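Here come two complexes built around chain A, the first alongside chain B, the second alongside chain C.
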Partner chain A sequence: MLRLDKVSKIYRVGAFGGKALLAVNKVSFEVHKGQVVSLIGESGSGKSTIGKMILRLLKPSEGKITYNGEDIGGFEGEALKNYYRQVQGVFQDPFSSYNPIFKADRIFRVVHEEFFPQVSAAEWGERVEKALSSVGLNPAHVLNKYPHQLSGGQLQRFLIARALLLNISFLVADEIISMLDASTRIDVLNLLADLKAYGLSILFITHDLSLAYYISEQAVILYKGNVAEQGAVEKIFNNPLHPYTRMLMESVPRLDRKWEKGVRLVDRDVENLRTGCPYYQRCPVAEPRCALSQPPLVEVEQDHWVACVHYESGADVLKPPALAG
Partner chain B sequence: MKKRSEVLYFTLRNKKLLIGSGIILIFLILALIGPSFTQYKPLDYASPRGAEPPSAKFWMGTTFFGQDVFSQFVNGLRATFVVGLLGGGLGTLVGMLIGFTAGYRGGIVDEILNAFTNIVLVIPTLAVLLIIAAYLQVRSLMMECLFIGLTAWPWAARAIRAQTFSLRTRDFVDLAKLSGMKPLRIIRDEIAPNMMSYLVLVFILQFGGAILTAATLDFIGLGPTNTISLGLMMQYAVLWGALPFGMWWWFVPPGLAITAIVGALYSMNVGLDEIFNPKLREI
Partner chain C sequence: MGLKVENLTVYYQTLRGDVRALEHASFQLADGEIMGLAGESGCGKPPLGHSLIVLFPPMKYIAGRVEVDGEEIPIWDAEGMNTYRFRKISLIPQYAMNAMNPIRKIGKMIGELLEARGVDYKDMLPELKRRLDLVSLPHEVLNMYPIELSGGMKQRMVMVISSLLNPSLLIADEITSALDVATQKAVAEMLVEFRERQFINNLIVITHDISILYQIADSILIMYAGVLAEKAPTKSIIESPRHPYTRLLISSLPEVGVRFAEKRLMGIPGNPPLLLNPPAGCRFRERCPLAYERCLEEPPFIEVDKDHFVACWKEYENHAQAR
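Coming up: the complex of A and B.
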């Protein structure tokens, strides 16, 4: 349904744009109908950039994003509007998603004006109330209020209701629950699961592995704009092969275990490493050859891809060396 | 309809706005109907006895040359409002046009417009004026407005550009784009309302700046020759020794009027800020 084909984003930085910053490097993946794909990575890994490129808020420097086989870069005017009828996004910070000087329900009015001008005001009001009910909000409590009078969870559900009004088939959820507290978190997550059951595809952008495991079928692990590991979520979680993925797994606090020994962090001194593995600087099992060339993404088992030299040859794939420390 | 009545409700409750606009209204009415209450023209030598304090015949006294100060005051008020509105308005308009375009588009458009802004910013206004004055024989009030408007916009453009720059990266602008809104509508409906009180402040400062620039131009003999303004009155008063001779009725009214007008506009700005920004409202 939605497909990224070797998509890269290069930013020009520094005085007069003299330096190039590779935010996203040749990322490819596909999201099928009714599927949830998690995009996992730390800050600056390029995961939000990918989300914004899918939403046409940023332009890819290289590569192509296609939706149902059509290049989204070519959409203009009515075609672009039609794309937004089907593809919408919800962002991380619910408070900055609203224009602070207008009431929060103005987002519904804008959708009405832009997408459904032929629908009467009365009917639209009913639709809004229905959408709000389906995201678990009481319309009487939340309508006609300013953003600062509502909670983060309510605002975030407002945005999901807005997407529902458009009857979308693809949602980019960019860290949508990272700013909510634990009790409202699960409500929003379950809401997404319900929507998925109705056939909605979701790109779930997160830095939280457990959330990704909870909700998605496929996962893409990003490190500095490069895919470290991707494939079926079960396979990645039960058998993490890239040292970065393993480090991430080790870093998740667990309820049944006291923190005994922290993950040993490596920080190699590398000046402007242009070639080589992007994870070389922090990799605990790196070898000299890792600094020379970037390992390609190889399929080590069905629907499980890793970019690490230790798994390039088929033989020792499933016998990774023990993590140092 | 409901939204409109709510804005009206907070507008009518806001004392700062009401007092500010009340003062402006009084001066505006004075400027509009004042001239019909006096039979003297502002530059006529009405009294043969020179400077006179206020009396029943001359409500605000007369100048060193026996001109009627009241007539000068109300006519000067008129010219001052015209210069402020047209000159300040034009400056604000050009500043908004350049600032919004540069800030929203970014990239190469921004760099070109920014360079242009900086060039206009460093042009020495007075030197250009001297050259223009040397070529033009007759100078009208409209010319003065045009000149002030076209030289005063750069700092407004810079400030608006900076604010637009920070606002356009906010998520609600992204959301507006996802709603299929066109750039012009995003600027008008999403970005501009967030800085509405700031735009009013820009207009106020452009308004005041235009009045002061006009006074300076009049003083060095580059203003319109056939009219009077509050700034011109003050300059004449100072030039002809109103201060050492204690002719307070000559320089106090124009000075007070300029202070009151700019002060009232400032009070309006604070009040408007409260209306536009619900967080500042006194419930």
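Coming up: the complex of A and C.
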């Protein structure tokens, strides 16, 4: 359905844009109908950049994004509007997604005027109420209010309801629950899972492994714009192979296990590492050859891809290198 | 004896009246205890944490007393607190990234801070350097501007500054929420290390992330809508919580290993009450599946088991029967 093919994004940084920053490097993955794909990474991993490129807020420097086989870069005018009818995004901070001067339900009116001018006001009102109920809000409680009168969870659900009104088939959810409280968080997550059951495809961008595991089938682990590991969620979580993924799984605070004591973080001194593995600087099991060339993404078992020299052809998958090196 | 808080009540002044942000908070910390303070937004975590160190308007002191190491702290007196701030009680603020003066070199800024407390920078320098080593920061940072440091480095720098005068009580406000998981773990472990080395006596970690408290805290205090709900050793809060709110909260946390397809987690229906005019009695009453007539009165915060305090009438009755 939506497909990224070796997509890269280079930002110009520095005082006069003289330096190049490779934010996303040749990332490829596919999201099928009714599937949730998690994009997992820390800050600076390029995960939000990918979301923005899908929403055409940024233009890829290289590579192609296709939606149902068509290059989204070529959409203009009516075709672009039609694309936005099907693909929408919801972002991290619900408060800054609204104009505080206007009532929060203005977002629904804008959708009405822009996309459905032929629908009568009465019928539109019904549709809005239906969409609000389906995201678990009571329309009487939330309509006709200003953004500051609503909670973060309510505003976030408003945005999802807005996306539903458009009858979208693809949602980019960029860290949408990180600003919510624990008890509301799970409700929004369950809502996404229910929508998925109706055939909505979701790109779930997050830094939280447990949330990704809860909701998605496929996961892509990003490190500094490069894919470290990707494939089926159970395989990655039950058998994390890339040293970076293992470090993540190790350091995420859990309620069923305490942290291992005395694991020191590696920080190699690397000046301008241009070639080589992007994780070389922090990798506890790096070898000299890792500094020389970037390992390709290889399939180590069905639907489980890793970019690490330790898993290139010939290496034994079942005996991963010990991390305590 | 570490920290002792009795009947602390703090309101926020607004144009529409007083917001009852914190009421009747009483608890104690044993020597060396690391306590986690958790709850949803608007539950009163910041009023509790901040009133122990900076009680400025719109916060308004109503009642209560605070003792640190047996000495009463005049938290209602903003001027008088200057004797205690930094030396006795210190804070690692939320957004520590922006807590340092951007136009001073870090070393100079620390010098000025110490001077304001009557301590000579040169005398402190050897100890300062030792602590930089401890959090793996190079000594050169003292000659740098904050902008030259990464987020994790700034966080560690602020931790070193806040604990430099060995305060008895250190309050860490949401310090790990803006960090990546690897840095988060390192920072959290350093705080425990500070306690091990007796730089600090008590630590209060304010956070919404209970799983991180499970890793480092000795006890956890759960707040709901401005009142204390439950305080117990970490293990008891996670494994056998007693307050209905704590139970629902813990069971709504997604963990690595739980999948939607296999087990659908439930949130807590409803919203916390507005504190401008909170309902009488137990404030969790309206969302509580166990609520009954007695919940119209405010439940007392009593010890039902060793070091396990709960404010719930059901638990109160169970406890009374058991005795």
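In this section, the second predicted complex is superposed on the first by the 317 of 325 C-alpha atoms of A that agree within 3 Å, B and C clash if a C-alpha of one lies under 4 Å from a C-alpha of the other, contacts with A are read in each partner's own complex, and residues count from 1 in each chain.
The rule we apply is simple: a residue touches a chain if its C-beta (ideal position, glycine included) is under 8 Å from a C-beta of that chain, and two chains touch if they have at least 3 such contacts.
Just so it is clear, the structure is predicted and the values come from calculations on it, not from any experiment.
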Chain A as common anchor, with chain B and chain C clashing or fitting: fit
Partner chain in contact with A:276 - chain B first, chain C second, else both or neither: neither
Chain B versus chain C as contact partner of A:231, first or second or both or neither: neither
Most chain A residues touched (candidates chain B, chain C): C
Contacts of A:110 with chain B and chain C, given as first, second, both or neither: first
Contacts of A:295 with chain B and chain C, given as first, second, both or neither: neither
Touching partner for A:146 - first (chain B), second (chain C), both, neither: first
Angular separation of chain B and chain C about chain A, which is computed from CA centres of the superposed model and rounded to the nearest 10 °: 80
Which superposed partner A:88 touches (first chain B, second chain C, both, neither): first
Three-chain overlay, closest Cα atoms of chain B and chain C, distance in Å: 9
Interfacial residue positions of chain A with respect to chain C in the complex: 42-43, 151-152, 181-187, 189-190, 193, 207, 209-211, 213-215, 237, 247-249, 251-256, 258-259, 265, 282
Residues of chain A defined as touching chain B within the complex: 52, 55-57, 80-81, 84, 88-89, 91-93, 96-102, 107, 110-111, 114-115, 146, 148, 159
Contact set on chain B toward chain A in their complex: 170-172, 174-181, 190, 193-194, 276-279
Chain A-facing residues of chain C, complex: 40-41, 151, 180-182, 184-186, 188-189, 208-212, 214-215, 238, 248-250, 252-260, 264-268, 271
